[in-house]
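Consider the two complexes below, in which chain A is the common component and chain B and chain C are the respective partners.
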Partner chain A sequence: MGFDRRLGKGRLLAAWLVCHRELRGLLFSPGTYLVVLLAGLAAHLFLNTLAQSIADSGLAVLSGAFNLPIYSVLFVTGLFLALASVTSISREREQGTLEVLFYGPVDVAAYIGGKLVSFGLAYLGLLALYLVCYALFAGTTGFAFAMPTWAVIGLSIPVVMHVVALGTFVSTATRRVRASLAWFLLILLMLLALQFSPDLLELAPVSNRFYPPLRLARIVLERINLAFTWVSPFALLIKGTEAVRRADALLYVYTTAISSCSVLVLAAGSMYLMWKGGVRS
Partner chain B sequence: MLHSRTFLLCLAVWLLLWSVPAVVVAQDPERRTELVYGVNAYIGGRYEGDFYPRSVDTIYLVADAISVVSPRYTEVYYWPITNREVADWARLNEPVEGVLEIRRRGRLVAGLEATDYVVQYPEGLDLSPAVVYLGEEAHRQWNHFDESRREFRDRVSAYYNDLVTYRQDLDDRIEAGTLEGEPDPPPREPEPFLYSSTEVNRGFPVELPAGSYTVQVRTADGEVQPGSRRRLKVFEPLSAGVAMWAIPHDRYTFPEKSDDEGEVLYLRRGTLAYLQPHAQEEYRDIHLTRLMDPQDTSGRPDLYQWLQTDEIQDGVLVVTQGTRVVDRIERRSYAVRQITGAALGYEIHDQATTDLERLRERRPDFQGYPVDTRALPTSFRVHLEDADGQLVPGSRRRVRVVRPDSEPWLAIVPYVPVVLALVFTGSRRRRFVRLPRDQE
Partner chain C sequence: MADAIRTDSLSKSFVDFEAVIDVSLRVETNEIYGFLGPNGAGKTTTIMLLLGLERPTRGVAYLLDSPSHAREFAVRRRLGVLGERQVFFDDMTAREYLRFFGRLYSVGRIEQRIDVLLERVNLTHAADARARDFSRGMQQKLGLVRALLHDPELLILDEPVSALDPRGVVEVRELLHSELGRGKTVFISSHVLTEVEQLADRIGIMNKGRLMVEDTLDNIRQALQPETRIQIELAEPDRFPAAALLDLDFVSRTELRDGRLSVHLKGSASPEARAGVSRVVSQHGGVIVDMHAEQMTLEQAFVTITDEDVERLAA
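What follows is the complex of A and B.
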């Protein structure tokens, strides 16, 4: 069940079958279409509002007209795929599918690899669909796809895969769908809290009696956040966006590389956990 | 009966008067005497004055420019309404005597003596860079400012006297019926007095290269003044660029600002906009935020901010489409005239071509490069060229002329995936037809 050397080239086939199966599942999932619908509606709403505002004021300065719809869509799509990855493995384990699957010529590397590739391909497919939709809007309104928008789209691929890999990791570490979802949402909330709580603590009045401990808490949270920069997709996304804004190619490459490495580490961790934990619920 | 009513009325008045002091509570916060640092910090061609209470342990200054720090004793209190510590300079403002020592990694870098200084803006507060004068020169420049101010006051006084005489003379001639043809023009109003200066103050002028230091005051007896030790962070701009301000013709007081080259300027077809290039410097968010407001701890070390400094006054704006130069636009001066009458509005006149003499001769309200979308393609780029014909780095911008509305059929596009979903689901149902109940 672990890393079966006898599989050889068969592992690629097995991974492709797992990937194909998962993609079919996503293709027939109503959630996928709901996400695409939301993306289209968001773009239409934002761009119409923007066009109206330019018509009223005569002028607007934007780093990208599509930035806001793209950010919202990337967030929703990333979350959808991550939740799909969280539920996918633990549900198959819970229903016994995983056990049956592993009687065949499938090992953990083929299974986890196939799953991650399927989510990556699904994201690229959805991204292509969004871009077609946005190109139609851009062609008829005159709004431009600025260079920073392309850079953010490029950055989103490893960041979304990072969240998906985190979901897969959580899913392999738990036994039940409910537990997987609960743990994943808890981790996401914790990472969000780490990212934004220092700013929230900032609102504490300077000279009230709680100020010194709150200030200390802010410093501690900032330090933890600094350490979590290496693992938090939110921190990496903010850092990458800042790199795009400042046209800092080195920071952009660094962020993309860290995100990609995190995907590999989490994938390896998922394989290890599945190998150690077994496939039974 | 009457007595009892009078008695009750008196009692009510007494109770009312007695209760008033109880409901009126003065907001008199608790004060404490502290050694604080008053700082006049140089930033982007001007000076920002603020104070560092004891709770703020790091002073932030820009590298290689004179800033003035002044350790003082004052009374500090917390003001909950603005969530800040406030200095009561009127009650106590006592300079700390001694030498300001600046150390880096324990080694003494400078021992500064207090000196008189003055900060001046010769062409106006937001119109020219600040100049700081130290020592004797500070007094000379202050006297010069004072003299100029007095001369201006005399000019204004003379103008009003001339105006009264002119009106009186005009009235007399109208009354006597001797006015023939156009009357003489009225006396000219003196140019506004924009020269600005602080009073002569005393402090320690600090000019250091970027780095981390500590500051403290050493008194005449060789001891370090208690409470005077602070950290000093001296920082420099990370990069320089050009901010492009775009002023729409129909709301010239609200320019839109474009900080970096990745931004796109979207204009409505038919819009006339004026572009104003400004020099700018990039700083870490935490450094700039703390320098501007020492008590604001919201600045972040991983974010960056642009700070706009002076308007760039030389050069030509070049409009290009691909590699082709479409237009070269010169910088022009504009005067704004309010429309007379009840209706609100204004007119922007090009001072070089206007027929109105008064507008031609007066100081321009603003200057800029006119970009008229009626005469330009729908997609183009602009950049600033200096006097040598070289591209000014950071001045390139993309401009798009957008349609005010999108095609109505675009509203259908978001629903296409839902139709696809229904098609997929339908095809799947056809392939996996459920068996009738009796055969299950």
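What follows is the complex of A and C.
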């Protein structure tokens, strides 16, 4: 059976309209402007501190002036888009607009695909906005974008999409906005705990009489963490930034590839869940 | 004529109950089909199964010869659906909302089409207002315009007039009749029985997940009420030989009481039957001042079917 061109065209149109509507929603959302404001304030704080320190000592204390501002901006924006994706589908299901869309020529592939693309485009749009601002700032101060900064910006795209795809998956699996948010936050906390708990347990004093159980817990958590290394967006982000720091191109490519694959797997999972569970609340 | 809708033993079970049980219904092309039943009868679940938005436990549903489990976009473009609940995108005006769906369905000359339909349901004045702020009646009309926007072959309407005022009901009725005149098929699920009675060619009645009966209203009446009565007011009742009417095959008995002649018919008071009675009365010199048939309304039939005569109809 060959590829149905008409179906493909119809699906692309539906996906584009879903994407367009979501982007429009983000454009009219106060949250978007709040995030831009927060990102701007964070960047201002870091750059101002840096400029002040140069003025005071005559020395630049950081290798890349834009590293910390960019990290903070990407973190805030990524978190905002993740939360938007978590509530997006469950809200539509709760309101009933999802059902109305599916009366017509829209299927799960077009819908989930459209949603993910919209968040990706929103992220790229905001990223472009930040970069324009930084370019203006760089032009007036003489600060330059270091190569690692560009590498982290590149890494942030699949990582943010990974978190967004996770949010979309949770939103598809749940039927109410509150349940989506609760599950998403629980998963994030669990991933963070898995990420950092072995290091925290390492801090426990050796003389502690509970040392053997703590060591056992640490070993168990490390093993679990190892399994989650290739699933958790946090672990991938840390691995990716480590690759940038060590200038390890292979690890960098590997990390971004794994993150991109996770997006595809989570997208396919979301489609399956919606197909299986239906579009009604 | 091909069927616009056909289901074969369609069933849907949830964890703790069976919502739809072995429903086999048939809606012919270019007819208005009324789908009735009390709350919880399984009407909306059946509609969801027809649309492929719920997956059946057993059986299959065909819309325009396309099975619900593998419905192509091309077929979906031929359907117009008005859901039970009207919902709108938060930030869109009525026109933007219709424009969005017009693009989704690839409607040509979209602005023109929107203007024509809004005019027909008397919503032109609200075209640029936010749809979510509309009254319930206006939202229902806007939902209907959305369902009609792409000129679908088959309309599936769940409670299309429940929130409308009498004027709105008339507008929608006229709109649906004109769609029927253009060769469209309309499937209406409704609680407004008088409306369905005026609109529908055939009726299906659901109860407790089962399709109890599917037929024309006349046939349903006949099944539930084997005899009907025609009341005739005559100018000079005492001079008219009422027994003359017994020569007609379909008349079972006559009664003359208080100056009014009651003619009991075997079966429904069809136009032919009424014409036959009228002719005999005239032939025997009777002058009819008033004549009307006492027929079971759909409301009476509905109550009868769902509460009393289920066994008889099923048989």
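Assume the second predicted complex is superposed on the first by the 272 of 281 C-alpha atoms of A that agree within 3 Å, B and C clash if a C-alpha of one lies under 4 Å from a C-alpha of the other, contacts with A are read in each partner's own complex, and residues count from 1 in each chain.
Everything below uses one rule, namely that contacts are C-beta pairs under 8 Å (C-beta built on N, C-alpha and C of every residue); 3 or more make two chains touch, one makes a residue touch a chain.
Computed from a prediction, not measured in an experiment: that's the story for all the values here.
Colleague: Do chain B and chain C fit side by side on chain A in the superposed arrangement, or is it a clash?
Modeller: Here chain B and chain C can both sit on chain A without a clash.
Colleague: So, does A:A144 touch the first partner chain B, the second partner chain C, both, or neither?
Modeller: first
Colleague: Scan A:L250 for contacts with chain B and chain C and give back first, second, both or neither.
Modeller: neither
Colleague: With the two complexes superposed on chain A, say which partner A:G104 touches: chain B (first), chain C (second), both, or neither.
Modeller: Once the two structures are laid over each other on A, A:G104 reaches chain C alone.
Colleague: Counting only touches as set out at the top, which of chain B and chain C does A:L41 meet: first, second, both, neither?
Modeller: In the superposition, A:L41 contacts chain B only.
Colleague: When the shared chain A is used to line up the two structures, what angle, as a multiple of 10 degrees, is there at the CA centre of chain A toward chain B and chain C?
Modeller: 170
Colleague: Should A:F28 be classified as contacting the first partner (chain B), the second (chain C), both, or neither?
Modeller: A:F28 contacts both chain B and chain C.
Colleague: Look at the residues of chain A and decide whether chain B or chain C touches more of them.
Modeller: Partner with more touched residues of chain A: B.
Colleague: Under the stated touch criterion, which partner chain does A:L17 make contact with: chain B (first), chain C (second), both, or neither?
Modeller: In the superposition, A:L17 touches chain C alone.
Colleague: Which holds for A:G58: it touches chain B only (first), chain C only (second), both, or neither?
Modeller: A:G58 sits against chain B, while chain C stays out of touch.
Colleague: In whole Å, how close do chain B and chain C get at the C-alpha level once superposed?
Modeller: 5
Colleague: Kindly list the residues of chain A that each of chain B and chain C touches, one partner per complex.
Modeller: Shared contact residues on chain A: 28.
Colleague: Spell out the residues on chain A that touch chain C in their complex, using ranges where they run on.
Modeller: For chain A paired with chain C, touching residues are 4, 6-7, 10-11, 13-14, 17, 21, 24-25, 28, 95-97, 99-107, 278-280.
Colleague: Spell out the part of chain B that touches chain A in their complex, as residue ranges.
Modeller: 55, 78, 80, 83-85, 246, 248-251, 256-258, 260-268, 271, 273, 282, 295, 297-298, 302-304, 378-379, 398, 400-407, 410-411, 413-418, 420-421, 424-425, 428
Colleague: Once bound in the complex, which stretches of chain C touch chain A?
Modeller: Residue positions touching the partner: 48, 51, 53-55, 72-74, 76-77, 79, 81, 83, 85, 87-91, 100-101, 103-106, 146.
Colleague: Would you mind writing out the residues of chain A in touch with chain B in their complex?
Modeller: 27-28, 30, 32-33, 36-37, 39-41, 43-44, 47-48, 50-52, 54-55, 57-65, 129, 133, 136-137, 140-144, 146-148, 199, 202, 205-207, 215, 218, 238-239, 242, 244-247
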